[in-house]
Amino acid sequence: MELSRRTLIAGGFAAMLGGTVAGCSSSMDAGTTKKNASGNIALWCWPGGLGKSVLDDTIAHFPDQHIKYSEVGGDFKQKLLTTFNGGTSIPDITGIKGEDIASMLPQANRFVDLKTIGADSILGDYLDWKVKQATTLDGKVLGIPIDIGPTALFYREDVFTAGGLPGDPAKVAEQMKTWDDFLAAGVELKKSNPKAFIVADAADLYGTIVNQGTARYIDKDNKFIGDQDHIRKAWDTAVKAITLKVDGKTLGGSPDWNAGLDKGTVPTVTGAAWVALDIKAACKTSVGKWRVAPTPSGPANFGGSFLAVTKNAADPAAAFEVIKYMLSADNEAKAFADAQIFPATPAAYDKPQLKAADPFFGGQVPIEVFGPAAKNIPIAYEAPLDSAVATPFTDELKLVQAGKKSSDAAWSSAVQKAKQIGKRQGVQ
Amino acid sequence: MTLTATAPTRPASTAKPQRRRGILSYWRFYLALSPFYLLFVVFGLYPVASTILLAFQKWDGLGPRKMVGLQNFRFLIEDSTFWLSLWNTVVLFVMSTAPTLVIAMTLAVMLHSAVRFKGIYRIAYFIPNITSLVAAAIFFAAVFSTNFGLINAGLRSLGLPTEDWLRQPWGIKIAISTMIVWQWAGYNTIIYLAGLQAIPTEQYEAAKVDGAGPFRTFFSITLPQLRPVVLFTVIMSTIGGLQTFTEPQVMVGNNGGTGQSGMTVVMYFYNQAFFNNDYGYAGAIALSIFMLVLLFTAINWKLLGGRGRQ
Amino acid sequence: MTVKWRGVLMHALLAIAGVLCLFPFYWTLVMATNTTSDIYRFPPKFTFGSQFDDNVHAVLRNVAFFQSMGNTAIVAVSTTALVLFFDSLAAFTFAKFRFPGRNALFVILLATMLLPAQLGAVPQFQTMAAFGWVGSLKALIIPAAANAFGIFWLRQYFQNSIHDELVEAATLDGCGFLGIYRHVALPSARPALAFLGIFTFVGSWNDYFWPLIVLTNPDHLTLQVALSSLNRSHGVDYSMVMTGALMAMIPLIVIFTIFARQFIKGATEGAIRG
């Protein structure tokens, strides 16, 4: 309330009368891109997006390029788009988050097609499905993968064994092959430990299951397919978790979630490799009690980002050299050691940094779970509007979670809302 | 130095000679006023006017703009999320403004008659208003959290059932409005207190002679006398309340939490513009927010203004 | 109920309200001096811990705190100075002089208060882009340099606190427009200016929505934007976030307590005498 009261210069009745002024709008034209000053390379990423030692090493490795790194907090995509619109201080190289890449593809003319500056020679080093995410339908490659987010099931070995479930990762994998098995184990666990919910948040579970599929909400012909069986199945599994009462309804990242991880009330997290960092930050007393097992019903991918060269780059070739160096298999392995940034280059999986046993996971070697997962990620087409259309499904599911709506009522209203959002933007 | 020779705002007497002088002779006054209007035209009028123009266009923020007539408004009418966000905004406004003003009035009346520690209370009550919204939102999100929040800890120690505050549609609204009440009750207390101090004491003495009790005195003397102050606080709360944005955004995220029950109409505008890059649609929402503020201000004026001022 | 008991009850209620107002500060202090896991246990911890130094170091490691604070101070101080000057000049003109179009201009001024500032954010951003101000602190200072609320507020004050005779006398003494403003208006408006000054300063210090959009250059962040990035990076450390919030608040609290008396006096005067 305060800000509005302060910035009162905004407008008023007069605005209604003065509509004529609006005729001259200053829409920036992508065709007239201004080049940045040469001699420097401005590099943007978000906090924790790049490995610290890799970054320092890269800057030192290219002394002539004067790499200037900026860590941009807040909403990264919005900052980037507004900066593009603003037309000044646009970076030469920028990170693009995995969840934003689909919606950035229509902005392809803001970026250099890396194929035109020699990307072909290195694209084969990266996981094919990941490169596809940054490839437009007409074949332009906008970014080189920094990392990927293969999922796994993180769980508390102590809570599992105390609740009559297996504790050993191999046995957990054996018993929890599918989500149905997993939920059944949850019912078992709750019998002896009523405070432990095997599903942290059914709305998250829903998102994971959708990510496990080979189709999403909108197909390549720009048709809405979110009302079909593949989505409904994910929905029904999430609802099953709710009706079996094994859903903890704990929002990921909330104070309850952070506290619950350490206390054992959130005994599992289904998440990407980088979630390990969040878990480690939250846990002080349960160090060594966590384990990693394959995701029930198969791997999925959450996030994993890219580095791209903007059209404003003074010297795109030099910028590409920097990216190439920074994201080599060796350096991606180093970034993993820095901050659990999981490599997108399969060659890195054999490096010592990834082979290391992790005391936080009781001496387990996480790559043994993540490595195979990374290579088996299902490929699904993600339309630019995908995340906008997905929102109503999660929102409505939360109402089922809160006991405010039946599953069927929530489903039909989610479908209807999603269709409407799509229709507004031209989805069939 | 030249005399401006313009008489102060005295009615009538000096008005005549001024009539003959050219409008240019008032240049000092226009110059003194110009900074505000200049800034307003550039940073207020122009942006808002082009937002309104956007309402009739389709634009993704980067490409060319396309006129689409009333299409955005047709979508708006069918858009249940838009209506929900309007409803949320009004409900949140009522849930936060009513307690804020009632609490503020109660505190002000008590503070007015209390003699000791008045200064300390006034400072304490004002402190929430200088807190940053971001910090306060983090605090309240923690207070209302399910397992480790203070509210549930309190309920549990009293043997009452706990609640998933931030996962329930009404819980979210309660948490958000609690925070708004906390931040603004003190501010309004101070303003009411000032109003109370301006009421002549003779009126109270007369009421006492008539044998009126404290409640009757309040309703027959205090409240009518405070009318302009109440109008001021109600209008300011309306303008602020209908624009609620940061509190829910920081507390329950951009989508407004479960059932989007924390999604206000300004948040919806923000999402359409900056997340979906649907600037035309956002413009249509903006226009409707403006109409809403206008409507509510008019209602307030009618209800409370009456013959109040002038 | 006797008068004495009524007094006791009243003070009890007032004190409870005061405690509720101040409690979040106390709790912020508790969080800032403990670790996150100390806080999230049941029953929660209510005493100060010894982690304050560690938390402060963590904040300083994660954000350019002092640089952001410097930026915030530049913005808040210059905005406040400009607002006080422009607003008081305009308010005084409205309050004490007559000129053609005065009423119309004043109505427009009031009307501008009705529209949410956020609505113009998109084109306003483009205006900034056209001026080349995106990412610079100018984008925060210039648009906020004068505002309708302040003019409205001060006008009420001038109208009531300065007698017309005083302005007439000054005119007869040979004072020009600026002279009257300086020698008559400013001295008598000190409490109202103190209120507006602090209100503007606090608002500018805590502003979040607009800086978040317009400050794209990571070297030019304000405190609130920097703090919000603390809250969003991996694995939220709440103790650290609250420490950051507390550090950001300290200058405001200091300024507020220094000016509190003047400030509250000012806050109380404009509103009533409509």
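Chains here go by letter, A, B and C, matching the order in which they are written, and residues are numbered from 1 within each.
The definition used in the following text is that a contact is a pair of C-beta atoms (placed from the backbone, for glycine too) under 8 Å apart; a residue touches a chain by one contact, two chains touch by 3 or more.
Remember, predicted model here, so these are calculated numbers, not experimental data.
S.K.: Which neighbours do chain A and chain C have in common?
M.R.: Chains touching both chain A and chain C: B.
S.K.: Specify the chain pair with the maximum number of C-beta contact pairs.
M.R.: The chain pair sharing the largest number of C-beta contacts is B-C.
S.K.: Measuring centre to centre, with centres taken as mean CA positions, what chain is farthest from chain C?
M.R.: The most distant chain relative to chain C turns out to be A.
S.K.: What is the distance in Å between the mean C-alpha positions of chain A and chain B?
M.R.: 37
S.K.: Averaged over CA atoms, how far is the centre of chain B from the centre of chain C? Could you give it in whole Å?
M.R.: Using C-alpha averages as centres, the distance is 15 Å.
S.K.: What are the residue numbers in chain C that touch two or more other chains?
M.R.: 40-41, 108, 112-120, 123, 127, 143, 146-148, 202, 206, 208-209, 213, 228, 238
S.K.: I need the residues of chain B touching at least two other chains; which ones are they?
M.R.: Within chain B, residues 36, 39-40, 43-44, 46-48, 50, 61, 129, 133, 142, 147-148, 239, 243, 245-246, 274, 290 contact more than one other chain.
S.K.: Give the residues of chain A that touch two or more other chains, as numbers and ranges in rising order.
M.R.: 2-5, 9-12, 14-15, 25, 27-28, 75, 78, 85, 255, 259
S.K.: Over in the complex, which chain A residues touch chain C? Could you list them?
M.R.: 2-15, 25-28, 44, 46-48, 70-75, 78-79, 82-83, 85-89, 253, 255, 258-259, 262-263, 274, 277-282, 284-285, 339
S.K.: In their shared complex, at which residues does chain B touch chain A?
M.R.: Residues 36, 39-41, 43-50, 52-53, 59-65, 75, 78-81, 129, 133, 141-142, 145-149, 164, 166-169, 180, 183-184, 236, 239-241, 243-247, 255, 257-260, 274-278, 281, 290 of chain B touch chain A in their complex.
S.K.: What part of chain C is in contact with chain A in the complex they form?
M.R.: The touching residues are 35-37, 40-41, 62-63, 108, 110-120, 123, 125-130, 132, 134-135, 143-144, 146-149, 199-200, 202-204, 206-210, 212-214, 216-219, 221, 225-226, 228-230, 232-238.
S.K.: Hey, which residues of chain A end up touching chain B in the complex?
M.R.: Residues 1-5, 9-12, 14-16, 18-23, 25, 27-28, 30, 75, 78, 81, 84-85, 103, 106-107, 110, 249-251, 254-256, 259-260, 265, 385, 388, 391-392, 394-396, 398-399, 401-402, 404, 413, 416-417, 420-421, 423-425.
S.K.: Mind listing the chain C positions that touch chain B in their complex?
M.R.: Interface residues on chain C, with respect to chain B: 7, 10-11, 13-14, 17-18, 20-22, 24-25, 27-28, 39-44, 86-87, 89-90, 92-100, 105, 108-109, 112-124, 127, 142-143, 145-148, 151, 164, 167-168, 171, 174-179, 202, 205-206, 208-209, 213, 224, 227-228, 231, 238, 241-242, 245-246, 248-249, 252-253, 256-257, 260-261, 264, 267-269, 271-274.
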